[in-house]
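Each of the two complexes below includes subunit A, the first together with subunit B, the second together with subunit C.
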Partner chain A sequence: MVQVMFYVMSFVTLGSAFIVAAGKNLVRSIFMFFITLFGLAGLYVLALADFVAVTQVVIYVGGILVLILFAFMLSGKQALAALDQQKSKFISLKNFPAFILAGLFLVVMLNIILKANAPGLQWIQDAKSGHNIIPVNESMVNNIGINLMTRYLLPFEVISVLLMLALVGAAHLARKEEKV
Partner chain B sequence: MITLTHFMVVSAGLFCIGLFIIVSKKNAIQVLLGIELMLNAAILNMVAFSRYDRVNNGGQMFALFAIVLAAATTAVALAIILNVYRRYKTINPDEINQLKDQ
Partner chain C sequence: MNFYITYFIIAAGLFAFVGIFTLAGVYAERKISAFIQNRLGPTETGKFGTLQTFADILKLLQKEIIVPAAADKILFLLAPGIIFVAVYLGFAALPWAPGLIPSNINIGLYYIFAIISIETLGILMAGWGSNNKYSILGAMRSAAQIISYEIPAGFALIAVVMIAQTLNLQDIALQQGILSTEKIKFLGLADVTSAGGILAWNIFQAPHLLIAFVIYFIASLAESNRAPFDIPEAESELVAGFHTEFTGPQFALVFLAEYSMMFLVSMVGVILFLGAWNTPLPNIGSVHLATWTTGAVWGVIWILLKTLGLVAVQMWIRWTLPRLRVDQLMNLCWKVLTPLAFACMLISGVWRLWVM
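And now, the complex of A and B:
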């Protein structure tokens, strides 16, 4: 059952990512990206990371995609017209080099992954024998909260300051320039 | 049983699709989507490995940090794209080849 769910989720994720890559229409590819992100959230749940899945839905789907849609709407009619001219078949001569690059990269990465044999790594075997593995019927939210306030307190604070700086910087960059 | 290799294969596929989008697309917003795909592929790997770290939750924690950093990056990048559009009237990365308008 879980395995079937995993295959369905990974099929949805990879398929919609393909449509994002192949789509001619920018709005359609943005909305297909929604589906990719939801599929990824499902994969996170299957990897027993429920909190990360919820955060993914809230921040990515709720925040980033709305932001991208807004920027797209603000960038006006000419951008849309320029998009229509761009006839991009998925495998055309123009993006043949990109296709070759991505394909060869995929071959290399698959090779490495299959050779690395991740489930047989030493620390993973140790975690399995030492019961340091997340059980299926236990929620990790409690543990994440405690860890965030003790072990990872410094990165947490640093990232909050950085987030504020980034948002102020974005607002500063996006403002209308006054006439000099 | 879903092993780590399954997750890593899915993540490699996502990464390569993102790479393809970045290299082939002629629109800065689509390039940004490709970058987000690659980031998500990396986050998927961290989350998958985090199953074997129950006490410290290192992978999940840094997946959270990476998601927040992606949000910050996207906000800044979109502001830059808006500025570039205002100045050049195009967001094709191939045509933006000057630092400042003469």
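And now, the complex of A and C:
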């Protein structure tokens, strides 16, 4: 059952991602992206990471996607029309760097997956032998919260400062210059 | 395979409940508005007009689905479904009585908060798909409003979670009555673990949660696009906002979503602040009112009564207060509610550390 669910979810995610990339209609692409993100959330649930799944929905669907839509709807008709007229040939010189980047990234990912041998990693073996494992049905959120506030406090705070800087920068850019 | 059948029955039951609630809610709304405006409301169909909404829904379901020629057909047809499903999914994690909850997940509250944010997407979809200036203006207003008001609502919820120390809605409910395994203090002073009743509700366990509740309630009005925050469908400016173009069954779905959203946000408010399915009657000496009125059936009755009470307040507010302007709306959200919610969160932390 779980395996069937996994394949259905993966198919939905990959299929919708493909439509997002290949679709002509920009708005429909954005809404299709919603399905991709939701499928990803489903995959996280299957990986027993329910907190990550819900966070995915909150941040990407509730936040980022709506912001993308906002940006899209606020941009002028002319800009969008120019986008529509662009001839999108699949293979052209313009797309060459993108192809190289994507290809290289694929190679890196495949390399990692093939070479990593995840179940045989040292720290995973150590954790298994030391019974330092969180059982499936235990509360995941408590663990994440405690770790964020103790062991990973510094990275957490650094990220919060970074986001704060981004906010201040955005506010500065958006502010009207005072006329002298 | 038996439990899959149970799941389907529960889902169908919740859907039936939402439908019946909407029918009753529309009738109640019309009667309450009539009372407030010194009119009679529906009187003709059935005794006191009780069959009016059934007649309405019959008419709506028979009507043709008209798709505007310039609309984006797929988005237009899908939008009401997504708006409704987003709200309907939220019902999965709501506890109805001790031991009676469709899905007892340990991040229930967070899940509901996440899932109702999808409604924004559905509204934007409806607005864009209709290809109509009124619709898109309504959709943009609605999205801006919902995103802004999620922040005070979220922090008001965090204030409760910090007191309760869990995101599981059933656990939060359990902590507010005589079934609690933890010690309950009324206003942080008197031990009322065995008395229960209204004294054990979250808003009386920690008095600053009363402010958090008011913040949450105001924000929830905005999130369900109800007056005084109904600028997304401001009739005097935008015809009907994002659902201008919808007809027949689609319009019915949009309405179903609006009323189930009202019920959902009220029920979340009741669970977090007003004692969930716990009885308001405390044990007094040898008169064990709380013990007598706690149980599965009583739980459903109490939570329904409290939630319907909040829904009635929502309707009362809608027909009493005028609509806010956009700037007033944003001022209220960012300059009043958000700082207050932050303060509530801070007090919650202090309360948990030093008082509880």
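Going forward, the second predicted complex is superposed on the first by the 142 of 180 C-alpha atoms of A that agree within 3 Å, B and C clash if a C-alpha of one lies under 4 Å from a C-alpha of the other, contacts with A are read in each partner's own complex, and residues count from 1 in each chain.
Just so we're on the same page, a residue touches a chain if its C-beta (ideal position, glycine included) is under 8 Å from a C-beta of that chain, and two chains touch if they have at least 3 such contacts.
Given the structure is predicted, the values throughout are model-derived calculations rather than measurements.
> Sharing subunit A, do subunit B and subunit C clash or fit in the superposition?
By the criteria stated at the top, subunit C and subunit B fit after superposition, with no clash.
> After superposition on the shared chain, which partner residues are touched by A:Leu153: those of subunit B (first), subunit C (second), both, or neither?
So A:Leu153 meets neither subunit B nor subunit C here.
> Looking at the overlay, does A:Ile133 come into contact with subunit B only (first), subunit C only (second), both, or neither?
In the superposition, A:Ile133 contacts subunit B only.
> Scan A:Met73 for contacts with subunit B and subunit C and give back first, second, both or neither.
second
> A:Val61 in the overlay: touching subunit B, subunit C, both, or neither? Say first, second, both or neither.
A:Val61 contacts subunit C only, not subunit B.
> First (subunit B), second (subunit C), both or neither: which does A:Leu37 touch?
After superposing on A, A:Leu37 lies in contact with subunit B but is clear of subunit C.
> Between subunit B and subunit C, whom does A:Val8 touch in the aligned arrangement: first, second, both, or neither?
neither
> Name the chain, either subunit B or subunit C, that contacts more residues of subunit A.
The partner making contact with more of subunit A's residues is B.
> Using the touch definition from the top, say if A:Val27 reaches subunit B (first), subunit C (second), both or neither.
The second partner, subunit C, only.
> With both complexes superposed on chain A, which partner does A:Val168 reach: first (subunit B), second (subunit C), both or neither?
Neither partner.
> What is the minimum C-alpha distance, in Å, between subunit B and subunit C after the two complexes are superposed on chain A?
Between subunit B and subunit C, the minimum C-alpha distance equals 14 Å.
> Return the residues of subunit A at which the contacts from subunit B and from subunit C coincide.
In the superposed arrangement, which is not itself an observed complex, subunit A uses residues 51, 55, 63, 70, 140 for both subunit B and subunit C.
> Enumerate the contact residues on subunit A facing subunit C in the complex.
Spelled out, the residues of subunit A in touch with subunit C are 25, 27-28, 31, 34, 50-51, 54-55, 57-58, 61-63, 65-66, 69-70, 73, 139-141.
> Subunit A touches which residues of subunit B in the complex?
So the residues of subunit B in touch with subunit A come to 1-10, 12-21, 23-27, 29-30, 32-33, 36-37, 40, 43-44, 47-57, 59-61, 63-65, 67-76, 78-83, 85, 89-92.
> Going by the contact rule set out above, which residues of subunit A touch subunit B in the complex?
The contact residues of subunit A facing subunit B are 2-3, 6, 10, 13-14, 17-18, 20-21, 26, 29-30, 33, 36-37, 40, 43-44, 46-49, 51-52, 55-56, 59-60, 63-64, 67-68, 70-72, 74-76, 78-79, 82-83, 86, 88, 94-95, 97-99, 101-103, 105-106, 109-110, 113-114, 117-119, 123-124, 127-128, 131-134, 140, 143-144, 147-148, 151-152, 155, 159, 162-163, 166-167, 169-171, 173-174.
> Looking at the complex, which residues from subunit C come into contact with subunit A?
Subunit C residues touching subunit A: 72, 74-75, 105-107, 110-111, 113-115, 117-118, 120-121, 124-125, 128, 136, 140, 143-144, 147, 150, 167.
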